[in-house]
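In the two complexes below, chain A is the common chain; its partner is chain B in one and chain C in the other.
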Partner chain A sequence: MRRTMLYLPGNNPNMLLRGHLFEPDGLVIDLEDSVSAGEKDSARILVREVLRRGEFGACEVTARINGTDTEHWRKDVQAVVSCGASGVRVPKVESPQTVRDLDEEISGAEAQAGIPQGSVKIFCLLETAFGVWNAYDIAKASPRVTAIIPGGEDLAADLRTSRSREGTELEWVRRMLIVVARAAGVDALDTVFPHVSDDDGLRREANFVKQLGYDGKSVVHPNQIPIIHEVYAPTEREIDNARRIVEAASAAQARGLGAVSVDGRMIDAPVIRRARFTLVRAGLASDSESKG
Partner chain B sequence: MMERNAVKREIPSRIDGYGYTSEKLFEGAFARRPSGCHAGPRIRAAVPGVGSKLAGGVHEAIMASGLKSGMTISFHHHLRNGDYVVNQVIQACAELGISDLTIFPTALFDVHKAIIPYIKSGVVGRIMGSVNGAIGKLVSEGGLDAPVVLRSHGGRPRAVISGDVHIDVAFIAAPTADRAGNISGQMGRSACGSIGYAFTDAQNADVVVAITDNLQSYPISPVSIPGVHVDLVAVTDSIGDPAGIVSGTTRVTRDPMRLLIAKYASRLIEASPYFMVGISFQTGAGGIPLAVTAFMKEAMKRRDIRGSFGLGGITGYFVDLMKEGLVQKLMDVQSFDLDAVHSIASDPNHIEISADWYANPWNCGAAVNMLDVVILGATEVDVDFNANVNTEADGALLHGIGGHQDTAAGAKLTIIAQPLMRGRIPCVVDRVHTVTTPGEVVDALVTEFGVTINPQRKDLADACAEFAASRDIPLVPIDELAERARRMSGPMEPIRVSDRVVAVVEWRDGTVIDVIRQLEK
Partner chain C sequence: MEPADLKAAQAGTLESMDCLVTITGPVEGRVIEISGNAAARFKTAMERRINDVLDGFGNSPTDIKVGVQDNGALDIVLGARVEAAYARYIGRAGR
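Here is the complex of A and B:
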């Protein structure tokens, strides 16, 4: 599950050591925007040490590296891959070639660290119009790509507009990227909601992207986590329905039947997958069960 | 010669300026029992039609009180950091040539740093009471000849009533008074709500002086301290700065770590056997305690539980709880904000109580004894659950005891809720620098890493384990927590102190639980 992925500034030991306590689904340790140019090396050392401790609870641990147009990104990849991050979030991806370059660098780092090839995933931030336009090719450029994420401020600037509370400027991009993500078989994760004190605004935006089909949102403040989890929590009725579908599917499988029927309605495989996922979101099944 | 008390602290058998300690070493939270009778004040008689209590200003009242060098004078701290009265009285004493005074305040705040020159010049020779901020720092560095004696909110009235301390003159800041000396804290431009800390002083001092900036015609109502205890009334332009006396509306913190700690504390309370109809609690005004109250409110509504009373320092948040019917009464020894001040003045279910009623261990039953749950803070807690609220990480004396000892001893469930670290300073350590409250009365520690239960409270651990299955309370053993703090902080340089004792920390029963030694420069 990637309902919430919490950004942690790579130069803030306090947050790096405690971020997981707020129980987001994932962490994004940031070496890019929250670290000033003069602090890049020291932050990387700090992040390496924190990653080595490996105390992140049940969170998926990823790191946002510096852009591939900077001098830092290769060192970032080497540091985070060798110390156990399971994903790399790369900013401003515009072409499939960027992904291929990153894939190669990660492969090298995995080999050096003795990590099975292909285990580190890529999260692509699409922060320019060109990147959004190439989204499908980017998502398919490497089997490591596991999610695409629309940009926020940078994308709005590239579109020659600014961010509004209503999100008008990102609406079409969000709609487009969910289709791309599903077509490419990767997750769609939404950008951050920057107004950390506006709980109602966050709830509205989270409801909107959830309805579009997004798998979750990036978050910049721990207080945003429970709100998004609440939005993504299935209703009692949805849980009940999902439970009956999963039970019927299991019973049918046990009896060697291909077709499954619930309440007189034939249920096919995507609906069963969806029902399993609903139980995962409700905390009633594990992630692996939903994929099984 | 050193002696060791029940919390394994080395206490000198004789402390200069305090006396012998052998007969009063801390033996355990409930070990020492009183005997004999109450001490009392001088008997006075007012003859009808003769004299007037109106003494003029502060100078005239001091002269009329008969105050002399070497005597003990007392103050209350209801005006908190807005108080002018302590400074006015000490300055007047200096101008009148009175020196070597023992001051016996319930607490001193940063505003009182104005008396530091008078400490240095000898007008003030000794302090018995909570010292916060600049004066605490001065004491830590050896700025007073005699050690400061720290007592809890309950230990202080106990010391007065049992005769450990005799007050020669009590100066009572009075937001409203009349010519007969009736006093109220509920009205006037300097209104502070409850004046519960002043009650025992009024009842036990040889001379009681009310100092007011709001003299009203006789009789005022309501009356908190009746004029039968008051000898003199002094009128001054202002007794305090309203901005420093009460805060505005108290809001629940949005700090995610504090909210997380509060959430765990609230779950612990919900898991405990005390979360039932009639629950009583004290949570105070700090960021974490207030957030605990907010989470408890949600839980009480969800499980349809109505509490009996809220105790201690009262905020508007508690007033709202009472208005919503989630607690029936408020027992208020100190009103923290304007909403609490307005409430105590208008709602008969909001009860003003004295420090004696609130917390004295040596009476027929203080309110803390009726308490189910208390949420407290501490600067450090050690692996034996001993808590330090007096000294900072650098060993400096910066805080009073407040009601920490009393509520911890009285409540059925005492929770200390605090972050594991403050900056890079660990709050959970192998051995606290100063023991304020012994581990035997601390039931649980809650940090952002989860809930740590005192192994002596197996019942609580069992209740949590049952609850955790459905509601998720991470349980962390104390040794693991201390080890985590050590790893996060790295090695700390030990605090360097000399042998000289600058403060004595009394347990609420008057025994010595610890001493604070002078910091080496």
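Here is the complex of A and C:
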């Protein structure tokens, strides 16, 4: 599950070591925007050591590297891949070639560290109009790509507008990218909601992107985590329905039957898959069970 | 004989759970000075960690003074800050 992925500034030991205690689904250790130009070296060393020896609970641990147009990104990849990050979030992806370059660099780092090839996933941040336009090709450029994420501030600026509370400027992009993500078979993760004290605004936005089909949101403050988890939590009725569908599907499978019926309605494979995922979101099944 | 040029490099901050490491030189030998709340209690362990990190650079660096202003840095953080400060000191930042 990737309902919430919490950004942690890469040069801040306090956040790096405590971020998982807020129980987001994932962590994004940031080597890019939250680290000033003069501190990139020091942050990279700190992040490497924290990845190597830190505790992260049940969180998926990823790192946002510096853009592939900078001198830092290759060192970032080497540091985070060799020390156990399970994913690399790359900013400002505009073309499939960027993903292929990154794939190659990650492959090299995996080989050097003795990590099975393909283990480390790629999360693509699409922060320009060009990147959004190329989204499908980007998402399909490597089997490592596991999620696409629309940009926030950078994308708004590239669209020659600014971010509003209503999110008007990102609405079309969000709608487009969910279709792209599903077509490409990757997750769609939403951008951050930057107004950290506006709980109602966050709830509204999380409800909107959940309804579109997004798998979750990036988060910049721990207080945002429970609000988003609450939005993504299934209702009692949804859980009850899901449970009956999954039980009926299991019973039919055990009896060697192809067709499943619940309350007199025939249930097909996508409904069973969705029911399993509902149980995952409710904490009643594991991710692997939902895919089984 | 001309005295060698003094050099200094820093890494870290004085924020909570961090430490500020300052390396200066040349001095005679390897001098370690630790200040902060935990200095008295964990001095030996901190010195050991600092020495381990410096020795990891090879050639057992000497002629430096390592000053640590600690604000609750864990072992991981202390090591990272010492490594970054020494890499900067010898001009190998980002190794």
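We adopt the following convention: the second predicted complex is superposed on the first by the 291 of 292 C-alpha atoms of A that agree within 3 Å, B and C clash if a C-alpha of one lies under 4 Å from a C-alpha of the other, contacts with A are read in each partner's own complex, and residues count from 1 in each chain.
The rule we apply is simple: contacts are C-beta pairs under 8 Å (C-beta built on N, C-alpha and C of every residue); 3 or more make two chains touch, one makes a residue touch a chain.
Keep in mind that what you see is a predicted model, and the values were worked out from it rather than measured.
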Clash-or-fit label for the pair chain B, chain C on chain A: clash
Chain B versus chain C as contact partner of A:Asn223, first or second or both or neither: first
Which of chain B and chain C A:Asp41 touches, first, second, both or neither: second
Which superposed partner A:Arg165 touches (first chain B, second chain C, both, neither): neither
Chain A residues touched by each partner, larger count belonging to chain B or chain C: C
Partner chain(s) touched by A:Lys75 [first = chain B, second = chain C, both, neither]: second
Touching partner for A:Phe22 - first (chain B), second (chain C), both, neither: first
Touching partner for A:Arg182 - first (chain B), second (chain C), both, neither: neither
Clash with chain C, by chain B stretch, listed 202-210, 310-318, 418-426 or 472-480: 418-426
Residues on chain A lying within both footprints (that of chain B and that of chain C): 14, 17
Footprint of chain A on chain C - complex, ascending: 11-13, 15-18, 73-74, 76-77, 79-81, 83-84, 87-88, 93-94
Residue ranges of chain B in contact with chain A within the complex: 254, 256-257, 259-260, 421, 448-449, 488
Chain C contact footprint on chain A (complex, rising order): 11-14, 17, 40-42, 44-46, 48-50, 53-54, 75
Residues of chain A defined as touching chain B within the complex: 14, 17-18, 21-22, 197, 221-223
